[in-house]
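Notes to accompany the following structure.
Chains here go by letter, A, B and C, matching the order in which they are written, and residues are numbered from 1 within each.
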Amino acid sequence: MSEPLLRVEGLEVVYRVQGRRLPAVSESGCGKSTLGLALLRLLPQNGEIAGGRLLFRGRDIAALDREELRRIRGSQVAMIFQDPLTSLNPTLTVGAQLLDALRAHGRGAAKDRRGRIVAMLERVGIPDAADRVGRYPHELSGGMRQRIMIAMALLLEPALLVADEPTSALDVTLQMQILELLRALRRDRGTAILFISHDLGVVSEICDRAVVMYAGRPVEEADIRTMFEQPRHPYTQALLASIPSWRRRGEELGSIRGRVPSLFDLPPACAFADRCPHVRAVCREQPPRYLGAGRRVRCHIYDSASGYASSPPSLTARAGLR
Amino acid sequence: MTVSVPPLPRRARLPGRGSLPVRVARNPAGLFGIFVVTGLLVLVAFAPQIAPYDPAHQDIVNRLQGPSANHLLGTDQLGRDLLSRLIFGVRIELQVAVPATLGALALGLLLGLAAGYLGGRADNALIVVMDAIQAFPAVILALTILALLGPSLRNVAIVLAVAFAPAYARVARALVLAVKQNPYIEAERSLGASSPRIVLAHIVPNILPPLLTLVAMNLPSAIGAEAGLSFLGLGVQPPTPSWGVILADGFEHVRDAPWAVIWTGLTLMATTLGFTFLGEALRDQLDPRLAGALH
Amino acid sequence: MLQYLIKRIGMAFLVAVLLMVFLALLVHAVPGDPVNAILGQRSTPELVRTVREQMGLDKTVPAQVAQFVGHAFQGDLGHDFVSNLPVTNLIRNALPHTIALAVSSLALAILFGIPLGVLAATRPNGILDRLTGVVSISLITTPSYIAGLYLLLLFSLTVELFPAVGTGSFSHPIGYLQHLVLPAVALALGWIGYFARLVRTSMLEILNANYIRTAYAYGLRESVIVYRHALKNAIIPTVAVLGVGLGELMGGAVFVEVIFSRVGLGSLIVESIETRNYPVVQGCVLTVALLFVLANLLADLSYRFLDPRIRVEEST
């Protein structure tokens, strides 16, 4: 395959808040969910793509007409939303909602659809599926609702699955079940998964490659192993130092000082400068470039042209990040 | 880029600059409201100077005429000038509507304060009674009481005050309950302030402004109700030039001389629309929480 | 649900009793002799005797109330002072026509108001939205008698499209409908505007809900999203006001019935007030109020039926 399924080229989303344009960053996130929404052109009304491109199978998503977009939604790119209670319609049974998704894309013969839905619900681990299709979302437990969302996403066998924190609301056992389900899906059907999460542990369980975002921008990109073993960006390093690991038993956990900068006044150059233990003058003067191919990082330390005058900090520098 | 998710329902709000009238006037509907209401007030103040004829002056020869240079809007069945009668009618409308709404406010405030402040059984009893009274459509309730009181201008005002009071009582009660939650009321009480003092000094001033916006919103309903009752012959009595009386006279002769009905209808519509627009613009500026409280 | 139903019907019953007590007491709320209040200038010694006897005005007030409520429950609302016919007979003749009027107005209001609100909400702040906004507010603020008079002028006096006066008879359905059109439209206009505003507001809120985003994310057609997924939720607050709406329609029916000379409760009330026939007024008013209570009960129940979330809350 010469053309990648999905390509994100310097995507820039802005939200207009009280007349000001803000880079896309949701409450606690760094623009992770926004990326997912932008992919399906589902940004809230005050948000828009201001620059860059999103290419799905080589086609610019922003250039699709309404009907083309409608056909892609769900059947090519499906999304699992974060909050299943509000993301499911309270006045329709779950079966009806799943059925509408099938109908929208003319999938399956009318008489087979119900059987297909029940089978899918069973696959995602919903007991008594034949009874549950007739239930309303509020009649099901949180974990069950999340699995309904997942079933909806899988029902149409999309090429790309965008999972926005699909497990963050679930307990650990359920979390594992769902991750297993997603892994099986990728293995059996070759579905690509864009997994959006703040939980590095979960990410390491399921992803091949990872992109770390900070204040709305990707700061580091690598395959998952490299990312965990040789993180380069000081932010990635700090993040990894903050998760508990059996390897570092007895060590004190790291935490990142300060907080994500207010979007109303981002530092002019490197967004992480105010919190970075390796900050130099150049970090506050000049925005770092996003360098590399495949393994990329946005930091002056690794940019020989930037005049950052010391050797790259090693992994052991983590402890000093507190 | 086009986004398929429909936009936020919130109306774009103009930056809050300028005094209240300026802010109200910045919105076209508010401007229309100011225009209509000021116009009506001018008519009330200067009716004798503005009206071309005495509203009671009869001219039988020129009865039921269409609009002409002499009578801009035409004449009624006794040859009285319609324009003059409509102009003097504004006074009658306000003579009914203002006491009616203020009476409803006073009555509702009293009941709402009692229910909200006393709580418990008094509150429950009042709610049930209010439910029962509100089970009568306002017009029907007004008609029932009028059947006993007999038709007159004063009685229409009384009847409308009673018919509108439950709505005020409900809102007042809800506002009292909200204000009562404030810590400073608790503080006052622990300092030994008496109940009447707390009610008068703290609760009433707090709940009055939103209730007054309701008065502005309620005035057009009162005018419409008065005209309706008088139209049925059960309100203000002829020859007083209330709009309802003019309308009733016009309806008698609607086949030969539709003018009276047409002009009075337009006047009433412009008036209620003007008051409503003004009331809504004021409410948007003063207290957005009340949106839709009275309807 | 059953428990709720019983509770709700009990409440409706209580309100109904209170209504009767209120009506029985009303004659005493007026200053002066109740007989004079009831008869006004029509008072003759003979009529005074009839009134005292029929309404039990010689008894104590609680006994009068008990008598009125007791008789009302047995379907006895007293006798007409003029013709001496039972009031219930008069009401039985008038009621079907008023109900036909109110129900067809409500149907018109739903049929036009809801789509108008949806249309406005799907393109907010567009030309259509602004237009329906102005139109709805104008309709809401126009009293039903003005609407009625203008319709009468326009469509039966100027363009002679519909009969101007009369009710028609149920045995000639087509003629009956022709007589019904203008009054029903006159009564419905305000509610069309009101429903349009109401549906627009709740629709705008709901179109922003996460589950609507989900529906878009799964490629559902816009018409399915708007009419199936959003409207079902947006309509719930509208159903909640339907009960109140029917009551207000009965109020507006008074004017419309008088303007179009229709037989009905409203014109009966006005006529009886003019002839100082208080038992008839009392009976009609009680009927209207009871209908209102019933309509509220039905609206409340269908509201619960539409919103599955409430059903569960009640059962747990």
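Going forward, a contact is a pair of C-beta atoms (placed from the backbone, for glycine too) under 8 Å apart; a residue touches a chain by one contact, two chains touch by 3 or more.
All of these numbers come straight from a predicted model, not from anything done at the bench.
Undergrad: Quick check: more C-beta contact pairs at A-C or at B-C?
TA: B-C
Undergrad: Sort the other chains by how far their Cα centres are from that of subunit B and give me the top one.
TA: Between subunit B and every other chain, the largest centroid distance is to A.
Undergrad: Could you please state the distance in Å, as a whole number, between where the Cα atoms of subunit A are centred and where those of subunit B are centred?
TA: That gives a centre separation of 56 Å.
Undergrad: Hey, how far is the Cα centre of subunit A from the one of subunit C, in Å?
TA: The computed centroid separation for subunit A versus subunit C comes out at 54 Å.
Undergrad: Give, as an integer number of Å, the spacing between the C-alpha centres of subunit C and subunit B.
TA: Roughly 21 Å separates the two chain centres.
Undergrad: Touching two or more other chains, which residues of subunit C qualify?
TA: 212-213, 216
Undergrad: Could you list the positions in subunit A whose residues touch two or more of the other chains?
TA: In subunit A, the residues touching two or more other chains are 42.
Undergrad: Quick one: which residues in subunit B touch 2 or more of the other chains?
TA: 4-8
Undergrad: Would you tell me which residues of subunit C are touching subunit B in their complex?
TA: Within the complex, subunit C touches subunit B at residues 14-15, 18-19, 22-23, 26-27, 29-30, 37-38, 40, 121-122, 124-125, 137-138, 140-143, 145-146, 149-150, 152-153, 157, 194, 201, 204-205, 207-208, 212-213, 216, 222, 247-248, 250-252, 254-255, 258-259, 269-270, 272-274, 276, 278, 281-282, 285, 288-289, 292-293, 296.
Undergrad: Write out the stretch or stretches of subunit A touching subunit C in their complex.
TA: Residue positions touching the partner: 40, 42, 70-75, 78-79, 81, 83, 86-92, 97, 100-101, 104-105, 136, 138-139, 149, 152, 156.
Undergrad: Looking at the complex, which residues from subunit B come into contact with subunit C?
TA: Counting only subunit B, the residues touching subunit C are 4-9, 29, 128-129, 131-133, 135-140, 143-150, 220, 224, 227-228, 231-234, 247, 251, 254-255, 258, 261-262, 265, 268-269, 272-273, 276-277, 295.
Undergrad: Which residues of subunit C touch subunit A in their complex?
TA: Touching subunit A from subunit C are residues 209-221, 224, 228-229, 232-233, 236, 306-309, 312.
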